[in-house]
Amino acid sequence: MLGLLGVSLATPSLAAEVSAGDTAWMLTSTALVLMMCLPGLALLYGGMVRSKNLLSVGMQCFAVASLVMLMWFVIGYSLALSGSGVFVGGLDHFLLAGITGDAVNGSIPAALFVCFQMTFAVITPLLFLGSLVERIRFSTLLMLTASWSVLVYAPICFWVWGGGWLGSLGILDFAGGAVVHINAGIAGLVAAIMLGRREGYPNKLMPPNNLTLSLAGAALLWVGWFGFNAGSSVAADGSAAMAMLLTLLAPAAGALAWMFMEWRSKGKPTPLGIVSGVIAGLVAVTPAAGSVSPVGAVVIGTVAGLACYWASVILKPRFGYDDSLDVFGVHGVGGIVGALLTGVFAATYLGGTGFGDGVDSMLAQVGVQSLGIVAVIVYSGIVTALLFWISGRVCGGLRADAEQEVEGLDTAYHGERAYNL
Amino acid sequence: MLGLLGVSLATPSLAAEVSAGDTAWMLTSTALVLMMCLPGLALLYGGMVRSKNLLSVGMQCFAVASLVMLMWFVIGYSLALSGSGVFVGGLDHFLLAGITGDAVNGSIPAALFVCFQMTFAVITPLLFLGSLVERIRFSTLLMLTASWSVLVYAPICFWVWGGGWLGSLGILDFAGGAVVHINAGIAGLVAAIMLGRREGYPNKLMPPNNLTLSLAGAALLWVGWFGFNAGSSVAADGSAAMAMLLTLLAPAAGALAWMFMEWRSKGKPTPLGIVSGVIAGLVAVTPAAGSVSPVGAVVIGTVAGLACYWASVILKPRFGYDDSLDVFGVHGVGGIVGALLTGVFAATYLGGTGFGDGVDSMLAQVGVQSLGIVAVIVYSGIVTALLFWISGRVCGGLRADAEQEVEGLDTAYHGERAYNL
Amino acid sequence: MLGLLGVSLATPSLAAEVSAGDTAWMLTSTALVLMMCLPGLALLYGGMVRSKNLLSVGMQCFAVASLVMLMWFVIGYSLALSGSGVFVGGLDHFLLAGITGDAVNGSIPAALFVCFQMTFAVITPLLFLGSLVERIRFSTLLMLTASWSVLVYAPICFWVWGGGWLGSLGILDFAGGAVVHINAGIAGLVAAIMLGRREGYPNKLMPPNNLTLSLAGAALLWVGWFGFNAGSSVAADGSAAMAMLLTLLAPAAGALAWMFMEWRSKGKPTPLGIVSGVIAGLVAVTPAAGSVSPVGAVVIGTVAGLACYWASVILKPRFGYDDSLDVFGVHGVGGIVGALLTGVFAATYLGGTGFGDGVDSMLAQVGVQSLGIVAVIVYSGIVTALLFWISGRVCGGLRADAEQEVEGLDTAYHGERAYNL
Amino acid sequence: MKLITAIIRPFKLDAVQEALSKMDVQGMTITEVKGFGRQQGRTELYRSAEYLVNFLPKIKIEVVVQDDSLQSVIDAITEVSKTGQVGDGKIFISELQEVVRIRTGETSGDAV
Amino acid sequence: MKLITAIIRPFKLDAVQEALSKMDVQGMTITEVKGFGRQQGRTELYRSAEYLVNFLPKIKIEVVVQDDSLQSVIDAITEVSKTGQVGDGKIFISELQEVVRIRTGETSGDAV
Amino acid sequence: MKLITAIIRPFKLDAVQEALSKMDVQGMTITEVKGFGRQQGRTELYRSAEYLVNFLPKIKIEVVVQDDSLQSVIDAITEVSKTGQVGDGKIFISELQEVVRIRTGETSGDAV
């Protein structure tokens, strides 16, 4: 959807009229996506680490979010969603020049579109943080995410939604399966491999310190995801309503798929398992939320639940990398599953709303989707590696010192302890 | 309100026009009601059990919610809100057939109405879960709630809001005092009695593990209840605004009523007490939110606070059943108080907006309200008992084994522990 | 903005037409501001006290909120936002007389405006609670806040937004820098000084019991603040959108300013520090959110982060008063910084939207802003002191007994313990 | 004066407390501990990774008694906290040289 | 070498630590415990159901001292942690056979 | 029968457990404690107010052993939990008069 609007969005006009209804929904959507980041994701991730690193996760989330917001203000928005290039946007809105109170973009104020998209730019690096927790050097993380948001996120956003080449090819990526989830998944995987495993992994027991936080965080993610998906209509209309319906059904299916799979193969259905299934379903329906039917969403959610289960539980241990909170296993794999199945279930004869502009068969659509996946993997993978390497050189290393890691980042880096019960 | 719209809602039309403003508010309302369920209710309930069962409550909430969403998708919506029967709806929308992106229902997209009502179907079984925690067998619970949502919730929803007999009689049940709260209260009571008491109840101290979770959960319930009540206007209008005002005043009155009562009779005003009062007020104003004045809401909230205090603190111990988290005491009794007083304060000479269609005196209205209460109690009570008994037979029992109960459901059923501080 | 609408808002008309879009956004905004209070602020504050007082903070938040809501219903709204006086409103809307379902106020239902403003009346005394925690006598607090909401909050609200003298002078106080934050900051400071220090302060270590709660609470405050600021447009329009953008940028800048300052001077960037910076930025942008440019918001946030850091970390210890959770340091100082800088950055040649009605230079605007600050400080300071003194006389003292304070207010006053892990 | 230290299963605490209250034992001190022994650990699952948790929650009860009631207290504890399953726990007995009651300064027998 | 085990009221911990620091006591080990004794339990209310909480939070302090400073340490603890109310707690003294400092392997007197 | 009480650094627990498992030690009991000693406390910052935290987290291990394996167990613990930095902890040894296994009623050597 956003993709189709790409070019027009790039140039806010002063003439068009603002719809109060659409504006009301987009204001709400923006609040919901911020809630996904803070506190949603911070709680989900915070609950899963050891208590000695709990605050460090919260700190990282607040600091990265603030930093990325300012980068978006300075140059990110302009590069991602303005101009008329093919690979990257322009500098017209440097420091948000031109984004005044009466500028309009489609049927909503231009400033609101900047806000809504800002929250997407924030959540993406927060997501990949999950693979790096409990050992990343704080200053390196700040440098990595600030540069990443400009040099990785903004261009890929432009490709798909800003008028760039993937959008022109007719890729279907309603709310960011590729832009957000595959991108974050692959960045997390690459960075985790470069960073190395946590001390003691995988032999030592590292049980989550407080899974209640994780359940609460996952629930807030689900609620906030309505803003993410239904907000990506950029209107309060039937498309938003359908996106919301799919955003209820796919995670429900993903949850049950993961739960029954785990019950069967491990003997017990676990809380962390079921919320992983919810998130897998949410991720996979993200690119699909503008294109498929309710039945399609149930299928997509189910497949994603099973695929992410397999990736996180079976695949990861086999390779031995320490993607601590399964960013790749859930967001990477879920995003890929979703992107591909969107190409399938968009077909009108399967109840979907049809293929992308200029695409005329399921095969062609799946081809475009695959191209998008590969492009994001290659570009994000390589540039993330580069940026992380440079950040490490500048900031004195990628990881915390061994001693700091053993002590825990909370007191070592941030001087506070999570619990004084 | 919904009741009045019943018949027209049943048949989404393609012609009518969508109001972006109404749609924006209903999208938001849906998000708010999901937030009541997850994380709201999960936190409220989770905080009140012992720590060895904390995760099991979260697990149950996620699993039951997911299951009920899929049942609603398959057949629940169709039975509850379509067709032209008297006791139950039709099968026109099996698998949500006909709910396309451009179908309209009143002034909002049909898909959105499906979503909003889905969250009501989800919260009702989650509510009665509260009487069963700390001992229910997980598989039995899944079977019970899946079948209950189709065979108890959907018909009762149809009676009141889908065009069925109670709606036709002119019952006033704006946002579900009978459909949701009395229904859940009675189902919880019946199931709790069948299930038996927790090991050690009432002699052993079973203090809530973390009341902060419960306070946070109750607060999120209050916030979410705006979606529940003000969303039941199915429009962003004066009726929604008035519903919101009442949803602020009644719980405030309920909170203070419970607090001062407890302070007087037990010597101390407690946190769990005040939030119980908030919920009592919220429950009681639910059926009234479309019909009474601010003064009426304050009276209703106050009476509900006192009545639920009496039911939970004085009545329950006398009978000795173990309604663990007072589902009947708060939702059952609060719902009944609210349903009856709605019949009183709807009177225009008491500031209300008038009686139901075809009802012309306070006595008649209270009569209809009473009939509704009795009908729900009888139907829900009997069918819940039946379904629970059958589920127990199929799944090998109603309860966890004694040993599992002592160990705690978290590790016994779900293999995880809540706290590793 | 509200100030400009002051007079017309005072007299709801039945003729005007309701905008569904504006109504949708204001319904949402109201929900968001309640979420700031409960659970937002309750969690932020609860996490920072010692565990023996954790529940007491929650209890205080729920009880004060309920009480103030009812005071608003009885007389607060009428005094604050109706009538044609200069210093205080009238009694036209005693018991919300005239606020019927079809009364309209601007483009939204009158009942909704009552709700939205009610949440502002609730949050203000909740904010100053933060300076009194861990030792205030519960009954005294109830009497103080109930009377304060009528005798301090309502008049000041009238001065600025209800048609009173400050509004007429052209003060710029978009969402309540003076009405809410400076007011709460000064009331908290005065009451904290009267109340005296907590036993053991400042020598004894009083580490926050659970900073995760505080981080989650701060995040919910941020999300809810969109309702606070963008809701103060009382419309879903470009002004609301711009307010939201500023409400993203200023706290991000405040967060980084506090973080880097603390990192530099104390050696470690702390979680409690970064969220304090977020709140400092939010407070300071509150009066400015309708008048300044994105660049202006970044400057305001940065200055506020530094100023509040200085006030809380350097100034407070020097004076030795025990403003326990830095209400004055963050809300008082942040509010003053914001109010003054609003006068500066409102200038159109600095990208702002212009000075207040009848104000024609930056100097004049800063003058009006200063006058407002001083007026609020003097009035709120004196009347708060009086009301607190009287409440103490009536309720038998200002503080808990020494023994109760040592035991902790949770069990001493409220009979419950926060954690039974 | 003897110090009896019993490591028992958590859910037996109430029973032991009751049993001791019935005798002339006026006080005891409880600590939450973790035990490692012949009893098999529990398996926990986090994202389906199985962990064997070796350390199981136990309760440590410390009771100071006069020499003459030593045996009856040991017997009482043994009796009520036995389930017959591996993991029931142990009782350790050691000699105390002196006991002081802080409130009064009383020592030895008077202090318990 | 003696092991002094003191059960005290939690809020007295700081005072005890200070008092011992002033003497030549170089270390101590603290455990959070729950005590049951003559001191009446607290009443807690959960949805107005009253529970008598028998086990009250206490702090256990373990200090190893040379035989010659035994009495002065006991006196110091007794003095600062006394309130005169029931529930002040107890001090137990027992004999240690040996003490080792892990860092250096030193034993006995040198190890404390 | 001897009771060995070792106060160690938390992160050494696994190593100690492993070392003891390799010997014929069949059980142990662990408590989370806080230690105060020569080791400098940590500084914590709350709203930039610096607090010196004197009490550092430590682990207390209690192991009951037969007299003849006493020395080898002490040596094993010392070896694996030593870092050479101040704060490594202490080992206390005391005499037990009796040990009972609750499950069977066995006493002394058979009970461990």
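Per-chain numbering from 1; labels A, B, C, D, E and F assigned in written order.
Throughout what follows, a contact is a pair of C-beta atoms (placed from the backbone, for glycine too) under 8 Å apart; a residue touches a chain by one contact, two chains touch by 3 or more.
Keep in mind that what you see is a predicted model, and the values were worked out from it rather than measured.
Chains that touch both subunit B and subunit E: C, D.
The interface with the greater number of C-beta contacts, when A-F is set against A-D, is A-D.
Of all residue numbers seen at the subunit B-subunit C contact, under half occur in both copies; the interface is built from largely non-matching residues. Mean C-alpha positions place subunit D and subunit E at a centre distance of 18 Å. Centre-to-centre separation between subunit C and subunit F, using Cα means, comes to 51 Å.
With centres set at the average Cα position, the gap from subunit C to subunit E is 46 Å.
Here the spacing of subunit A and subunit B, counted between their Cα centres, is 33 Å. Listed for subunit E are residues 31, 44-46, 94-95, each touching two or more other chains. For subunit C, the set of residues that touch two or more other chains comprises 19-22, 24-25, 28, 207-208, 210, 236, 266, 268, 270, 272, 415-417, 419, 421. Across the assembly, chains come into contact as A-B, A-C, A-D, A-F, B-C, B-D, B-E, C-E, C-F, D-E, D-F, E-F. For subunit B in complex with subunit D, the touching residues are 204, 406, 411, 415-417. On the side of subunit A, the complex with subunit C involves touching residues 18-25, 27-28, 30-31, 34-35, 38-39, 42-43, 46, 54-56, 58-59, 62-63, 65-67, 69-70, 73, 95-96, 99-104, 108-112, 114-115, 118, 138, 210, 213, 236, 413-421. For subunit C in complex with subunit F, the residues that touch the partner chain are 202, 205, 207-208, 262, 265-266, 268, 270, 272-273, 276, 309, 312-313, 317, 326.
Within the complex formed with subunit D, the residues of subunit E that make contact are 2, 6-8, 31-38, 54-55, 58, 60, 74, 77-78, 81-95.
On subunit E, the positions that touch subunit F within their shared complex are 3, 17, 26-31, 64, 94-103, 105, 111-112.
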